[in-house]
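Naming follows writing order (A, B and C), and every chain is counted from residue 1.
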Amino acid sequence: MRSKGPIVRIIIFASILILSIIIPAIIQDPYWTDIFIFILIFIILSTSLRLVINTGQATFAHPALAAIGGYCSGALTVILGFSFWEALPIAGLAAALISLIIGYPTLRIKGVYFFLITFTFTSLVGVLVGNFWIPIFGGWKGLINIPRPNPIIIPGLLMIKFTTDLSYYYLVLFLTVMTIWVLYRVEKSRFGWVFRAIENADLLAESVGINLMKYKLLAFVIAGIFAGIAGCLFAHYQKIITPYDFDLNFGILLFIYTVVGGTSTIVGPILGVIFLRILAHPLRQFGIYETMILGFILILFLRFIPGGLIGLLERIVGFLETKLHDPKTGGFI
Amino acid sequence: MQAEMEILKLSKAFGGLMAISEFDLSVSHGELLGLIGPNGAGKTTFFNVVSGVYRPTKGRIICRGKDITGLGPDKIAAQGIVRTFQQTLIFSNHTVLQNVLVATHLQSKLVFWPALFNTSHYQERERKTSLRALELLDFVGLVHVKQELANNLPHGYQRVLGVAIALAANPFILLLDEPMTGMNQEETEAMMDLVKKINQSGTTVLIVEHNMKAVMSICSRVVVLNFGQKVAEGSPEEISKNEAVIQAYLGT
Amino acid sequence: MDFAIFLQATIDALMISMSYILVALGLTLMFGILRVFNFAHGEVYMIGGFVAYYFYGQFNMNYFITLVLSLLIGGILGLIFERLIFRPFRERPFNGFIASLGLIWILQTIAATSFGVLDKSVPAVFPGVIRALGVSLSAERLGALTIGLFMGLAMYLLIQRTRTGKALRAVAQDREAASLQGVNVNRMTAFAFALGSSLAAAVGAFMSSIYLVNPFIGHMPVVKAFIVIILGGMGSLPGAVLGGIILGFIEGFTAIYFNIGTVSTINFVVVIFILLVRPKGLLGREE
């Protein structure tokens, strides 16, 4: 069974991919397309957040970095007339640059304080963007009229427009799959081992020559790029971005998705996002109590299911494997 | 002949407490040097200073002619000085083989884009590194548990793994901090053999140990520390007869 | 420079400093004991504000009794949080402070459903002006400052001069050693949380007449407290005082001589500056 593992995983991944391509096209309901787009954006954010958490540094900077990406891209397209395709990578780079500037002096600080600093940073970025450079960022009302991406035209061959939500969904889907692929490859590589070693026993890692700062910063900056991209995708979807979009509540929500999903594998946060955002619909009927319920879910998971949904699943699969595996024949009963 | 490592008037103070005071030591290539002393004598502090975990308050550390005083732990490891830890420190979530592979970090330059795209060149390098890791595991006697999760190993094996991790970083000076802690008779003898084997293969070894018998039987030279100062230095025979040393131990 | 404005600005600055210091002290206390921050500390402040609104504002209870009540309620909340949320996470403090993020939403929702989301104002306790040094000063702000100073003094005496305070400091320094010396670590932890939270609630109460009260006012004080802690140094009580004074004065004077928007930039600049120049904070110590 073990040797069949990777093939099973590829089949599962391919099926999910095919489903995510087909289902929105079949449903064609703007309500659901909206939900799917947000699920994807949150997947980008939570999987990149996981990268940093897995070097042992919990960070609350992600909302700020996403805001930077979104505002950067919004301002470039609205004020300076850049196209989406130019603004997107710049947004990612801007977020990466800020990550570098913030991360360099602070990542050497112990975990809890680092989290506190990033928490403060996220709070302040929102305030800054709301109060300053109002002609550019639009103040508290936000930056409006952010355009959808220009069509991709290959003369004589094809033209892809992104004006409809559904077409935008496919763009976001493509970028999300890219994000997952990059993060997966990073994790499987030596870099991933170094990150895990740092999280596991940083003292030991140092003693064999691993420069902690360098790798923590690397993870932080890579995650920052994706946060910026997510922010940009958000801004061009909503066509508006306000200081309230990436506030503390957003950060708390992101953590809830990541914790509930679990961080042991890259599938964890994906599960968390999908589970909770689909669950959010029956929860919505509780109105104002929805956030309270989510708060309880967070605490309950931290207390009783710290491995998250993916941890639960791994335990179930492990349990099933031992139960169903016939030791004599080596096959399944 | 140039000393492998020179410790010159090393001092380390914590607040008002002088943990190490004016410590001089000269280590020659290929030595198996034992460092002993009563509890609190400053042995582990000494290792912490040499390996860069602490900055010395005064003094210098010269390694093969190069001044390495004040460098951080990862830079010191890059200079070829690697230490093990008194507490059992391993990468618990990795397998034994992965533990050693991570520790070969210094030998393989980590390049981003080939890693991302898993190029065949990258895969080839990884394969070579794996082979070296397996050789190392064979050398220390852990190759039969290479796929075991490090956390699941019995205590004795975990401590051997700690030594293997340090070796994987390819040091020319190995600092062993009480490697025989918590070991039974059999495990202790196996560790003693391993330390001898490591030394014979050309690595200079400094070992801190409480197990007197072990230190006296394998070390070529012994240095005694008490209250952060060098009390005596010499062959195991000389040390065991030294008045000041006996006093130091009886006095605690 | 008009002396009246200058004096008022000074009073404001001191008042702001005291409020920041007291909230930051509570956080630092809790961190010193359990190595964890309660991110919902601001919500305790908010509840203190509502206590003042209802008991003093609506039921006309004596103001000082209201303050005592806010201290008590804050203390009880601190005990509850410590027991239910932070103690179970003692082995993994990281999980503890993430859990306190969830607590923020829980408390905000409870407040919103119990008290409504609209702004509420609490009548001035010391209405009008006081004439001092030839100028008119807001009596309310002077009153709030005085109350803050008293609390600060009380805190100082409690921590430095009493046996309980000594025990608290011992546990913060070294849990095991303190336990070996006979200190009941669990009780001290509960006490630290109760003390810290009661401070936050009391500050919320005496600041309620200066600003407005609604379920979402908890966010700002805790962010300011964090800035104070970043500025003054992690884990340092004197650092919290120093940081509070610096931030309070910068803000108090900027608010009067410039505008509110500038205050937020100042916050940002201060944080970035400290992070780049001295990340451990002014009085931060080696951990």
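The rule we apply is simple: a contact is a pair of C-beta atoms (placed from the backbone, for glycine too) under 8 Å apart; a residue touches a chain by one contact, two chains touch by 3 or more.
Since the model is a prediction, treat every value here as computed from it, not as a measurement.
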Starting from the Cα centroid of chain B, hunt down the chain whose centroid lies farthest away. C
Among all chains, which one's averaged Cα position is nearest the averaged Cα position of every protein chain shown? A
Quick one: report the Å distance separating chain A from chain C, using the average Cα coordinate of each chain. 33
Could you tell me the distance, in whole angstrom, between the mean C-alpha positions of chain A and chain B? 41
Dist(centroid_CA(chain B), centroid_CA(chain C)) in Å evaluates to 48
Enumerate the residues of chain B that touch no fewer than two other chains. none
Provide the residue numbers of chain C that touch chain A in the complex, in ascending order. 31, 35-37, 39, 85, 88-89, 92-95, 97-99, 101-106, 108-110, 112-113, 219, 223, 226-227, 229-230, 234, 261, 264-265, 267-268, 271, 275-276, 279-280, 287
Partner chain B, residues of chain A touching it in the complex: 182, 185-186, 188-191, 193-194, 196-197, 200-201, 203-212
Of chain A, residues touching chain C in the complex: 58, 102, 105-106, 108-113, 115-117, 119-121, 123-124, 127-128, 131-132, 248-249, 252, 255-256, 259, 288-289, 291-292, 294-299, 302-303, 306
Using the touch definition up top, name the residues of chain B that touch chain A in the complex. 51, 53, 72-74, 77-78, 82-85, 89-94, 98, 101-103, 105-106, 108, 110, 112, 115-118, 126, 165-166, 168-169
